[in-house]
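The two complexes that follow have subunit A in common; it is paired with subunit B in the first and with subunit C in the second.
Let's look at the complex of A and B:
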């Protein structure tokens, strides 16, 4: 009763009260109009359904003709995947256009030779929907997981890798990648694409004009910074960590990269999963090393301004020549090209004004080459031979080379020929991945959100903005860790 | 008597308060503030991509630069794996029409029965249906999907077999119908139960059976309530992303327009200029429905409220 009373009050107060009219005449007009609307709509949908169907027919017809022309040459390479003609394999993923089109293009030959149709199904809703689909019994054949943590939560539903896939991954990827595709001791998911964060951006022209050499160890990097600072024309480093609500993440990447360099992989894993306390002396050592660059006014100018310089504007100094080096992931190139008029060049292009490229953020010694980055993993939910064939094919050097040659993409596959990677920055990335003695995912993405997307960011910001001491920073993050 | 006199006075007072100039001004301000973002979206949708990325939509007025390229791109450009939006437009229609008609049809019958048939447990049943509105639909996604994909077995006994309807429109229709029914029955019941008893009794005396009563008296009289629920349900289904995405099982053949629009922005959100045009294309149909039926809308808001 309460509800009704409230409604009456509300309506009366709004003065919207209109008496319901029971006049017959009005009724009949409404009714006839309804019928009209309904009829048109149904007619329209029928016509449209017809159109859609005929469209499909034309496309398939076109596709089949193409197949007829191109099958003859080169299908021998696909003999291993034979016997699945007519099968359809759905790949469910976060990757949508424009990248998706390149993936689809890279499958064309495989599809023609094997008769398997790959349905690329990309959606931004992947991370929420994959759980619903798996639980609901409509799991896709293959799913591309953008992060290992999500993959691990499906270890009950995924089909473990078969012998062929395991052999191919063992042959083509470093063990670290296999570990990330493993959950609860079972290897499930094959690596797909990769990205790399261990980059220092620089301008080959600035380096050549001043006669600087690319450093290959951490000590050489510091020595070079000293030289540049002593010459006094150019600021050695530009650092910027401002990123709106996510301010500080760029500084956490410094920490992670140096953690891999000054400690080993096990220590890094312990640090990320919380079994190594955040204020452990090992972590303190790493922060002190980071401070050698980030908190050195001779290198970076005004230390406090780092917190208010956006991570993208930080790289702008490299483009206009006001600073020599900037540590940031590969995606920065696109921003600098788009917003600051930079050109991506090869390290040997020393006469391009505004030309930028990258070198590997060096390890402690020349043979210490860890890499920080990320990647995707292909897990299989259905026990079908066709899906297994596609999953296997994606780990082969053949496919990785085809995909890389289409541009804008690379992977950690050891068989990937850098000649097929056109972009100079991606080329460096592939070299880094193939030479990496150690590979780890971005740790702050894996830490509990309260730290990885919380205090780790804010405390690193306070570290530069308020000149907070190393110890106070680490103690504060330690205190916030949800043990 | 006194109660109704008081209510008339209250009405008069309310009328005075809400027709004062200050109230009108406030109403106008609210209307403008609420419309500005949508208007900005509309302006953005007819600007060239370069302008959208470099300056705000309000600069359009000092530098008018009209282009329908966004609409062209959204509607007609696409590949076989990512068909252009107009194909999804038809998917949306095919999802929406049955998903509006089914629940309304079922709800009118149910509401009629609940309001005018005296049977045991009627109030409990009505209360149960009313209470179902409380269940968040997100809670039902997984069980419903399992039902559609695998059927229902308890032990070895098959209660509902695997119907093999995954990836068709049918699960989407059923899901929308299920989610709409509690509100529809509640709304229509309260409206239908308001039909004067004398009318029904007079018809009975004239020899009308339950079905004649329904088709000759109840149905014509409840058209305003039906129309208003039709608007509600149409808007809800047309704008729905979650149900279409989930029960379409990721199939592009049945995905409604909202699913495609959500993807158009691109993996890294670089294509947002096409979103503006996409949003307006998807808005067009609900606007037509709303304006065509708006005079029932206000009446419909009252449906079920006048139980005194």
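Let's look at the complex of A and C:
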């Protein structure tokens, strides 16, 4: 008997902290970690190439957008940040190696020209430690917040954005991004990197072999599914929502994506903050639309088995050609490459066996292009000119292009040239972000934990596994909302 | 310069090992000095004082640990169970009313009851029969080791192993790795999605726990059977008792106290079952049990009120079993 007492003790002791952290940030960190791993795997060669290049031709490594051929010419672009020679700026963040070294590399020219030293301080303990540091009076100059909710809890300590930063963010990002960097009506934090979830994974070879076209509206998507189902060789969709204790989150992403498509941004926000009841007819409409695919046996085969198919194994069908489409965020690419022998290709590579890529999960009409995703935000704690200069520089198209060209990374910056984004999936992501008529964060990450990490997951699971009715599902989630 | 900052921030493994060993040495030194001081004091004290010192030295640390590790958390959990999600306001009995009225939680309570009834019954019954059958065997060790081995596997490990056994592959094009499905297919049947179909899935999870606990029951009961005097067994044989009759009329009454201890110990373990459910179904598909729901409520949904209420319900359910268990243990000791 002592054996498993010890077991639980061990689990509690060792896994406790990690787990709480894990559960608290829900899947978002995990997913972004997958993104990182995946992106790194894909872009490994690119990074290596980049490193090698920078050894040989340091002057041009700064990026393709620079016109100059030497540091002098480059430095003219940094005149706005002058006057801070010798200053040090600490950036406190969750981003650690291998991604951290790419960030550090992207600052080199800025540092040489402005004389500002950027100290990158990455730790996985960020979420727990940032409060300690701010309370203890040793707040970092800049902090990269992985989620807007955390940012909002520091609105008393953060320095509001100055006029330059506000102007730059207004010029380079859509208003939605500025809103997420705003707390209590004050704009604090500038957007940094981004990730996108509104993807459908598919195999260009399978599509080309069967003569299918990429759908651009929701109706076209359903029509294509019908066509594939009627041909009968390939299952139109693979869906998997199993994820251990977090089973169901993949289904909540479907709901969120469709919520943005069938309702507007305000309705989405009301739904997330609870002012729109979870069993409202508007939500029911969205769930019914999701059910058109997820609960249609002609599209997904065994509906109940969705609940026992892991979210990663669900995508494997696209690789081996047993199903045509799979809706999942960009991080899935890394898993499919690592575990299922997939190759990430461009949409025009139609002859690669096991080659996969993505298209945009379409809106209700061709000009309805909402995007679901996430991103990081840079907040400033110290009132120093050097820190403000770094914060401003990070919002410029110049830096975003330099950073993106180092690989495995993209942002929502409107000045980001997709030519600098090598990975085909990230390229699609940047296009989605730049064309997005509406951008929203993953709603279940923002909802109260009782729903966002509780009943929303379990009820969506029961919806497929036990064929629970739409009404019963929404009523049960509504009942659990802590009003 | 920047590079320098990075290298300065990163410790080499030797730095970390050095730091940890310094800490360890300091801790050992502190402990040794406390012991030395105690001996010094004890050596100079009078006999009467030494008597008191004895209680002080042996009881106070144990009491302190009990206070910090058991009594304080219990009181805190009880208080939390009457408070709201963030432990800010008192809400009376709301959390308990919630636990006994919400249909999802009623399923949890029902499942826990099924577990508590079936696991001890089957593990003890199977363990007892194997112990009895191997009692007079010449070389029982191989069989006993095989039965006992699952006991050495952690619950999480067992959960993962059995998830493979129950695996279900909906796609006919892909290899089916489920052992149970393979057996059903061999006999021409169509396997269901094992972990999905309620209530069968709860029984499949219970089978995992029985698989682990049988070895425990067998070993303890087998040891108890060795203590049954041969004369009594022989007398029963001479009177013409069949092996089955000997089991029920002689062996079981003789090892009754041990049997009760085994049963109650397994009941306590089963009430707390968490890992198996969490690894195999995550509490979905109507298989949830109280310990898993308690964890979800408190640490995933961040509702300390309902989580604590479930913990207290579990605690209250366990107390009578523990009391009975301890009384039987005492009884067994006095019998010998």
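Everything below uses one rule, namely that the second predicted complex is superposed on the first by the 410 of 483 C-alpha atoms of A that agree within 3 Å, B and C clash if a C-alpha of one lies under 4 Å from a C-alpha of the other, contacts with A are read in each partner's own complex, and residues count from 1 in each chain.
Assume contacts are C-beta pairs under 8 Å (C-beta built on N, C-alpha and C of every residue); 3 or more make two chains touch, one makes a residue touch a chain.
Predicted model only: the values in this text are computed from it and were never measured.
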Going by the contact rule set out at the top, does A:157 touch subunit B (first), subunit C (second), both, or neither? neither
Return first, second, both or neither, reflecting whether A:450 touches subunit B, subunit C, both chains, or no partner chain. second
Partner chain in contact with A:420 - subunit B first, subunit C second, else both or neither: neither
If we overlay the two complexes on their shared chain A, which of subunit B and subunit C does A:309 touch? Say first, second, both or neither. second
Under the stated touch criterion, which partner chain does A:343 make contact with: subunit B (first), subunit C (second), both, or neither? neither
Of the partners subunit B and subunit C, which touch A:120 in the superposed model: first, second, both, neither? both
May I ask you to decide whether A:133 touches subunit B, subunit C, both, or neither, giving the answer as first, second, both or neither? first
When the two structures are overlaid on chain A, which partner does A:465 contact: first (subunit B), second (subunit C), both, or neither? second
After superposition on the shared chain, which partner residues are touched by A:104: those of subunit B (first), subunit C (second), both, or neither? both
For subunit A, which residues lie in the overlap of the subunit B contacts and the subunit C contacts? 4, 7-8, 11, 20, 24, 104, 119-121
Can you check the complex and tell me which residues of subunit B touch subunit A? 7, 10-11, 14-15, 18-19, 79-82, 87, 90, 93-94, 97, 101, 141-142, 144-146, 148-150, 166-167, 190, 220-221, 223-224, 227, 241, 245-246, 249-250, 252, 259, 262-263, 265-267, 270-271, 292, 296, 298-299, 301-302, 304-308
If we count contacts the way the header does, which residues on subunit A are in touch with subunit C in the complex? 1, 3-4, 7-8, 11, 19-20, 23-24, 104, 107, 111, 117-121, 235, 244-248, 301-302, 304-305, 307-309, 317, 320, 322, 449-450, 453-454, 458, 461-462, 465-466, 476, 479, 482
In the complex, the residues of subunit A that touch subunit B are 4, 7-8, 11-18, 20-22, 24, 27, 30-31, 33-34, 37-38, 41-42, 44-45, 48-49, 51-52, 55, 59, 63, 90, 92, 94-101, 104, 119-125, 129, 132-133, 135-138, 140
So, in the complex, the side of subunit C touching subunit A is made of residues 1-2, 5-6, 9, 85, 102, 104, 151-152, 154-156, 168, 170-171, 173-174, 193, 195-196, 198, 212, 216, 265-266, 268-269, 272, 274-275, 278-279, 282-286, 296-297, 299-303
